[in-house]
Amino acid sequence: MTEILVIAPHADDESLGCGGTLLRHKSEGNNIHWLLVTGMSEASGFNEKRIAIRQKEIDLVAEHYGFDSINQLGLPPAALETLPIGTLIGGISDVINKIKPDIVYVPYRNDAHSDHELVFDAAMSATKSFRYPFIKKVLAYETISETDFGMKPEDGGFRPNVYINISSFMEKKLDILDIFESEMGEFPFPRSRKALEALATLRGAQSNCHSAEAFMLIKEII
Amino acid sequence: MTEILVIAPHADDESLGCGGTLLRHKSEGNNIHWLLVTGMSEASGFNEKRIAIRQKEIDLVAEHYGFDSINQLGLPPAALETLPIGTLIGGISDVINKIKPDIVYVPYRNDAHSDHELVFDAAMSATKSFRYPFIKKVLAYETISETDFGMKPEDGGFRPNVYINISSFMEKKLDILDIFESEMGEFPFPRSRKALEALATLRGAQSNCHSAEAFMLIKEII
Amino acid sequence: MTEILVIAPHADDESLGCGGTLLRHKSEGNNIHWLLVTGMSEASGFNEKRIAIRQKEIDLVAEHYGFDSINQLGLPPAALETLPIGTLIGGISDVINKIKPDIVYVPYRNDAHSDHELVFDAAMSATKSFRYPFIKKVLAYETISETDFGMKPEDGGFRPNVYINISSFMEKKLDILDIFESEMGEFPFPRSRKALEALATLRGAQSNCHSAEAFMLIKEII
Amino acid sequence: MTEILVIAPHADDESLGCGGTLLRHKSEGNNIHWLLVTGMSEASGFNEKRIAIRQKEIDLVAEHYGFDSINQLGLPPAALETLPIGTLIGGISDVINKIKPDIVYVPYRNDAHSDHELVFDAAMSATKSFRYPFIKKVLAYETISETDFGMKPEDGGFRPNVYINISSFMEKKLDILDIFESEMGEFPFPRSRKALEALATLRGAQSNCHSAEAFMLIKEII
Amino acid sequence: MTEILVIAPHADDESLGCGGTLLRHKSEGNNIHWLLVTGMSEASGFNEKRIAIRQKEIDLVAEHYGFDSINQLGLPPAALETLPIGTLIGGISDVINKIKPDIVYVPYRNDAHSDHELVFDAAMSATKSFRYPFIKKVLAYETISETDFGMKPEDGGFRPNVYINISSFMEKKLDILDIFESEMGEFPFPRSRKALEALATLRGAQSNCHSAEAFMLIKEII
Amino acid sequence: MTEILVIAPHADDESLGCGGTLLRHKSEGNNIHWLLVTGMSEASGFNEKRIAIRQKEIDLVAEHYGFDSINQLGLPPAALETLPIGTLIGGISDVINKIKPDIVYVPYRNDAHSDHELVFDAAMSATKSFRYPFIKKVLAYETISETDFGMKPEDGGFRPNVYINISSFMEKKLDILDIFESEMGEFPFPRSRKALEALATLRGAQSNCHSAEAFMLIKEII
């Protein structure tokens, strides 16, 4: 059985970046797992109602994907830099040792949101080949409104080299995203059906299919 | 009067990369000029009929844009590397000295087609500030099917930092492109209406408008 | 009316990086605004006298420029990494929403001082096109003694693509810098009149004028 | 049946870069094909005897690998830049259209030898997804004495992200390389058994196995 | 007298990265100094016994090298990001002002371990030419299991340009490393005699000697 | 005796890039050698008079430096790309094998002039450690009006890491440059005394001396 793990800094990153790919994995008989790094809490300034809504969204989304496990670290969003990196690495490492994934999807390091950078760095420590030999492939996904708004001058920008055909799963990906009501908006807002369709169309044109998700390969062992 | 020059390695590059921008410049009262570096000739293996069709396409396209001048160097496509770079620089420099453009649009250096690289390099020599002080801005455009298929490992990929809103000119851009019948195809072919619309939509989402063309600023003097 | 905002990690960065440009903006009738991210405080180890001197310097400098507003966040210098990035983003965002600038000047991300990196990252979050649609242009300036001492191996170094002619404002820029007495020194110390003149001369030679300030364009929407 | 194509600028590049991988592909039942871009000829300054020896080496090497086809373009070594790039693209494209490979191995663009750069560029044109939809994966291999002597400042150096375990094929790889007698030497000469073993050991340490070959993924479509 | 300083984030980094070079410096009559940035403490979760063993290892290693001074900052490993960068800079700066080194060896910024990044950044602040004019050369070393597992997409990877022949010191380097019993392992574990020998062999092949250590030059003043 | 070789694509590059350094080498008792790659000839479009003037300039400049040998390949300027790279490598290699330099100075690869790129690439082939073991150091120099006008998007720009103090040789460097009358101009022309002084001042501020020349280290073996 192939085990797939997606690491999402915030709920909806997994869907923006690899919703179609997760659906395709599931349809092909793989087990899929969700690791949510941050979470809303009263300590980090969210009220009870907002927290409850988010948890319902997460449960509903999980149901639609058919996730085989949900793993929530519940760390504070937009404040990961105040924790020792060891805390973040430890949390991710525990989930990885439990699931023993073959393939891991991670956010792109140079996204606008610094949580993505820290999650990427911690994930790299928690996937080193000599400590986690069961991992065969690590891929970075792109997150519309973050990856395309990353502005570090030393970064060339997200440059995909793996394309996954999600033509049969595009509609369902968009429907799932609509569950995160507060995150989606009207075009030209980037997290909108129209912008996401345009991105999938463009990634399709680059890989000769109708709709694709694109990734940067971090490491593969064959 | 503001003079605008677009340098196209091959006919259609100017439209794929900055068709909407040229139409907007024209609508705002600027003069626009077309420099076509290569051209079909019997010497470079095209038959008389093909050459005549292409010239008609060029004339028709020029009419639609309202170009204030067309400048054709007629150099052999896919063989620019066999000429001394001086020949290419000299040809471009002559046109630039004649037109004295304020703004120059050039292809992106790391496109898949090596003609784009050579035209970029020659254009850089022919726009040096201390020899061509009238040039105020140089911008590189993206060419679908070339820029997105550039694979040089040392290049981070095209990373736009200038966005031009072409919402009012998108339809006309696509209509003009349809004139180059042999160059356009059906999606998922990249040079198709659907792929071009997706690209403009995405560039719009990145710059908060409906349709945009995106550029990398090479140099601006204020 | 065009509103201009310069974001300075520490007092004097705005002058080293874009003093001449700010004076030119003011002379052309634009409003100019100063956002000072860090500030001396007893909590961060400065004595009362030093704090008072610095505040006087700031007031005097502001008077010379004719700043239309001064905005001081008062965060602790060389310790920004101990704050949640959200605090920094929030502080900058509030000022940006108040001023609604057309053009924003930010420090270069890869300067030697890590405060410049954090201010850059926070400024990128606080200038996203879909949240701050009034911002038309973001430019990174160079800070002598920081930008030229940035040593990150992944960074190619500051590579300017926008040059602003400040020939008429160079003397006044240097005079203003002399107000920050404790920051300036004798050449070959980098923050000296002679080194600053050399830099402006070199940027001039690159853009065909006598004295220039140079910038990297982060994003422009036209 | 999976078809594998290795493109070698010069005989021995295929073995230095992916000898073990080719042997593993063959042992797993794939068809393997060899495309040799340059060749010794009297026109390019080699005498008849040298040419005959090289042809014998090629035949013997092909026998050891069990290549399913050998394709020799016979272009002049160290003078590819004097040909129109179209000639190189055309030659490679013909072989690709004949073999219809699933996976293509190419040299790294930034190797010391400029033939590697030109072969890489031509191979990119001859593997575009919308013209060669049967190609599923393109990988760049490293060539000891060329990749490690590439000195372009704009290149970060070869940075592998795909590792193939060749522990069972390492000895045979080295034996095959010994056939190219004039190319191999005594350590510390780079093309020596000892240096090649060190490289495979290091790539193994990076991917948790005894001997590995390492690649940069150019493009994969799933 | 030439003073040499090696800055090690954790004990063993100095040996993995420049053990042979330090031995060669000593044999050539230079003074060598060790700056250990982090240290085990009960506060950072190590028990008394582990701390005592580590201190013995450090003393024994120092004896083998003949270090002229050991300087331990004792900062918490894997939690440097929770300290103000000023604390780290201050600690390193004090040692540098005491020793007044001619040559400083630092870890590579983009290693997998974020402590290496922070130590690099602080070391850059504490070696600025205009404050520490006695420093003539700064070099970054590579740390097997960290440098080769650095995965930042914006980094081209460690690209050495200085090679130091350590053929006469290789055996002693490996013997010293064996003192750090808990850090070394069996190949294909990267911190193993076999992997370290392979790396030195490869660096030798690149610089025409039997065993070499490789570095990236950060800055040299002649 | 230490032998120093400077490789200049065109006469004056050696002086712009490392005039002061050559004078310092000579004053310290080293032998210095000049390799001029291109040369004016009637075949490449120069008239007899121009050729004679240039030769006189070369002789006079050589006298001022006290060059121990002048080596002129006489290849056509701005047309090196039409020669097989082998011709260029062969010419440089012959000189290197004759002189057996310890240190080689080369132009920067990403200068505006493509002759610099080709000379750099050929020089890399002609300095490989396993063929030219006597070479201990290769450094790339910066050429005002070329290096600062290099615009390749994949290049971060010239980023110096070696600084040589030429305070005692600056005046003589500028006097020698004045011999190349047709190449020098009035500021803000880049090849002017004022711009060259500004550059040396800035490089001095970066390395704590009055005037410096700056280099990128390509390779050093110790």
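As written, the chains take the letters A, B, C, D, E and F, and residue 1 is the first residue of each chain.
One rule holds in what follows: contacts are C-beta pairs under 8 Å (C-beta built on N, C-alpha and C of every residue); 3 or more make two chains touch, one makes a residue touch a chain.
Keep in mind the model is a prediction, meaning the values are calculated, not measured.
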| item | value |
| --- | --- |
| If a chain touches chain D and chain F alike, it appears here | B, E |
| Neighbouring chains common to chain A and chain F, by label | B, C, D, E |
| Pair in B-F, A-D or A-B that repeats D-F, with over half of contact pairs matching by residue number | B-F |
| Between chain A and its twin chain D, rotation from the CA superposition, multiple of 5 degrees | 180 |
| Chain copies touching (chain D, chain E) - same or different residues, decided at half shared | same |
| Intercentroid distance (Cα basis), chain D paired with chain B, Å | 36 |
| Residues of chain A touching at least two other chains | 81-82, 129-130, 149, 152, 154-156, 159, 188-190, 205-206, 208-209, 218-219 |
| Pairs of chains found to touch, sorted by chain label | A-B, A-C, A-D, A-E, B-C, B-D, B-F, C-E, C-F, D-E, D-F, E-F |
| Chain F - residues contacting chain D, complex | 81-86, 89, 108-110, 121, 124-125, 128-130, 140, 152, 154-156, 159, 216, 218-219 |
| Residue ranges of chain C in contact with chain E within the complex | 76, 78-79, 81-82, 112-114, 145, 149-154, 188-190 |
| In the complex, chain F residues that touch chain E | 129-130, 133, 161-165, 205-209, 217-222 |
| For the chain B and chain A complex, residues of the former touching the latter | 144, 148-149, 155-159, 187-190, 192, 194-195, 197-199, 201-202, 204-206, 208-210 |
